[in-house]
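Once you've had a glance at the structure underneath, I'll fire off some questions.
Chain lettering (A, B, C and D) follows the sequence in which the chains are written, and residue indices restart at 1 in each chain.
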Amino acid sequence: MSSELVFCIGLALLILAVAGFTIGVKEDFAAVVGFVVYGLLLSLAWMSLSSPDVALTEAAVGGGVTGALLLGACARLRTREKPAEGHRPGWINRGAALVLCAGISAGLAGVVLLLPDPAPTLAPPAREHLLATGLGNAVTAVLMAYRALDTLLEKVVLLLALVAVWSLAPDRFWGGRPAFGYRPEPGGPLIFLTRVLVPVGVVAGIYLFWVGADAPGGAFAGGAILAAMAILGFISGLSVVPAVNGFRLRFVLVAGVTVFIVAGLAGFAWASGFLAYPVGFAKPIILLIELAMIFSIGATLALLVAGPPGRSLKP
Amino acid sequence: MPEFLLAAAGFVLAMVALGLVRILRGPEDGDRMMAAQLLGTGGIAALLLAAGGGLPAAADVALTLALLAAFASMAFAKSGVSPEAYDEPKPGEKE
Amino acid sequence: MRLALDIFTIVAVSSGAFFFLAGTVGLLRFPDTLTRLHALTKADNLGLGLIMLGLLPHVAWPFVALKLVAVWVLALVASASASQLIARKVRGRRGS
Amino acid sequence: MSVATIFGICAAILVGFGLFGLILQSQPFRKILAFNVLGSGIFLSFGVVARRGAAAGMGGDPIPQALVITGIVVAFSATALAVAILLRLFEETGGTSLQDDAPKGSKSEEADD
């Protein structure tokens, strides 16, 4: 057995252990920390599966924004005494659930193990048409050219999720600022760290989008990093969460989808149909869409963490 | 040499994984956060060692992880403070 | 030359790995939160730094080497400040 | 035995873990976490499929990878929505128990976010 396999087995076992811990541990906070660690380990697993694009996205989303979201939620839920433990399912129910889950796991494992050996793959055609897009990274080509419609709709889903989160606000807070963010502590390490990290993070996010055309990277990983930097600004108090009815904010939020749709409609004029790119100009158009997307994704993810408008937790 | 680097990656990962026992034991939330912090750093080291300096993409992933390494700790540091610190109405805001 | 670089890598990476070992032992064995924090920072700063140093001769392009140094500097700044934050939080809880 | 096989089995077990937590955890917050574990198991199995489809000089089939990238972001937004609903519930009722006004045994509205 090669040492790579040993490493992977160790990593897989570690992932399973942390996942089991996250599911089973009693303390909510420990579960959240476990989950943050779990996201980081998954990113290592994605590297081992030679999917660096996914590893980047997982690192940025799982290690960054998800952690902030869950830690914040956990702290808020703990502010009062926890309600008495809900009724514990009986032994029969537990056994049944165990059997069900073990069965599903076994079935899935079987499916994975029994995949036909030259596995079906779309890599050759993806590689073949890469030249036409002018891109060097096949994953970006899938996201932005071959299956651009999916990516567009996924952006719309993000916006819908944000609207849904906002709509949870009590009426009296509607249009206001999300109850997220703190007063700055002058001279504190948080301020220092924010001032150091945010410029680097913004550069790194835009860099990831830029190299994403030819190397692992892309708008999603870049956008998630930008979101993390925005959240950093909110929690250090150096920047204030914008009010949800601000025009500029809404402009940034819809910019990605708008540019995407406009470019898609223009496809009717300059190429063969919706979201078709003219020969030779695919790459600049894709980069333009991605540029708009990265800021929209960043703003959307940051505001999803910030939550609905409402400046006080008091009911 | 790649074998050695991979072995070192495995060793570092195993070490920080042992540190995760702190998440289980606590006793304070700070201790749990520290274990996550250690795993973050160790994960970066293991990632780069496993790639053996060969994959440029590994450096990007490591950079992302390093950038966000302290992120959870920072969110944690503020998480107990309630956002009500934010309470007085700001001018120009709808009530 | 090659051999010298390899030996350098082995020494640096091994000492880096040792600091991770030390950090973990400290995290598990030290008696209270603040001393554990002390152990953690050693692994964070020196362990990662030495491993990066050991990897430097092996990277393909100078730009990647630059990124590795950036990773270390970022981790250094971030973990030092994060330790401060955790320590303040722990102390705050005890004080009040 | 290959890298893909190892992570394939890992992914299958993760799905089982997640489902188990989703069914048996009584607190909705923990159900959300479990749901995320379940989801990441499914993503990982996509990764395994991608890895097995390595061809044409690429480390993996790019299509499942692209699917997973969008999936990760959508899963995050769903989590954020679920958390927001939960916090609002907490704000309104002072608790997050789903059992109070629902008949016992009927478990979750969070489960299918």
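Keep in mind that, in the parts below, a residue touches a chain if its C-beta (ideal position, glycine included) is under 8 Å from a C-beta of that chain, and two chains touch if they have at least 3 such contacts.
Model, not experiment: these values are computed from the prediction.
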Chain located farthest away, centre of chain A as origin (C-alpha): C
Can you compute the centre-to-centre distance for chain A and chain D, using the mean CA position of each chain? Integer Å is fine. 13
Centre distance in Å when chain A and chain C are each reduced to the mean of their C-alpha atoms: 27
So, what's the distance in Å between the C-alpha centres of chain B and chain A? 16
Of all residues in chain A, the ones touching two or more other chains: 4, 48, 74, 76, 190, 193, 197, 200, 313
Identify all positions of chain B at which a residue touches two or more other chains, and write them in rising order. 29, 33, 35, 56, 60, 63, 67, 69-70, 74, 76-77, 80
Among chain C residues, those touching two or more other chains are 70, 74, 78, 81-82, 85, 88
Listing every touching pair of chains gives A-B, A-C, A-D, B-C
In the complex, go through chain A and note every residue touching chain B. 3-4, 6-7, 10-11, 14, 17-18, 21, 25, 27, 29-30, 33-34, 36-37, 40-41, 43-44, 47-48, 52, 55-56, 59-60, 63-64, 67-68, 71-72, 74-76, 79, 172, 174-177, 179-183, 190, 193, 197, 200-201, 204, 208, 211, 215-217, 221, 225, 228, 231-232, 235-236, 243, 245, 311-314
Contacting residues of chain B [partner chain C, same complex]: 1, 4-5, 8, 11-12, 15-16, 18-19, 21-22, 28-31, 33-35, 37-38, 41-42, 44-45, 48-49, 52-54, 56, 59-60, 62-63, 66-67, 69-70, 73-74, 76-77, 80
Tell me, which parts of chain C touch chain B in their complex? 6, 9-10, 13-14, 16-17, 20-21, 23-24, 27-28, 33, 36-37, 40, 43-44, 47-48, 51-52, 55-56, 58-61, 63-64, 67-68, 70-72, 74-75, 78-79, 81-83, 85-90, 93
The residues of chain D that touch chain A in their complex are 1-21, 23-27, 29-30, 33-34, 36-37, 40, 43-45, 47-63, 65-70, 72-74, 76-81, 83-88, 90-92, 94-99, 104
Given the complex with chain A, which residues does chain B contribute to the contact? 3, 6-7, 9-10, 13-14, 17, 20, 23-24, 26, 29, 32-33, 35-36, 39-40, 43, 46-47, 50-51, 55-58, 60-61, 63-65, 67-72, 74-87, 89-90, 93-95
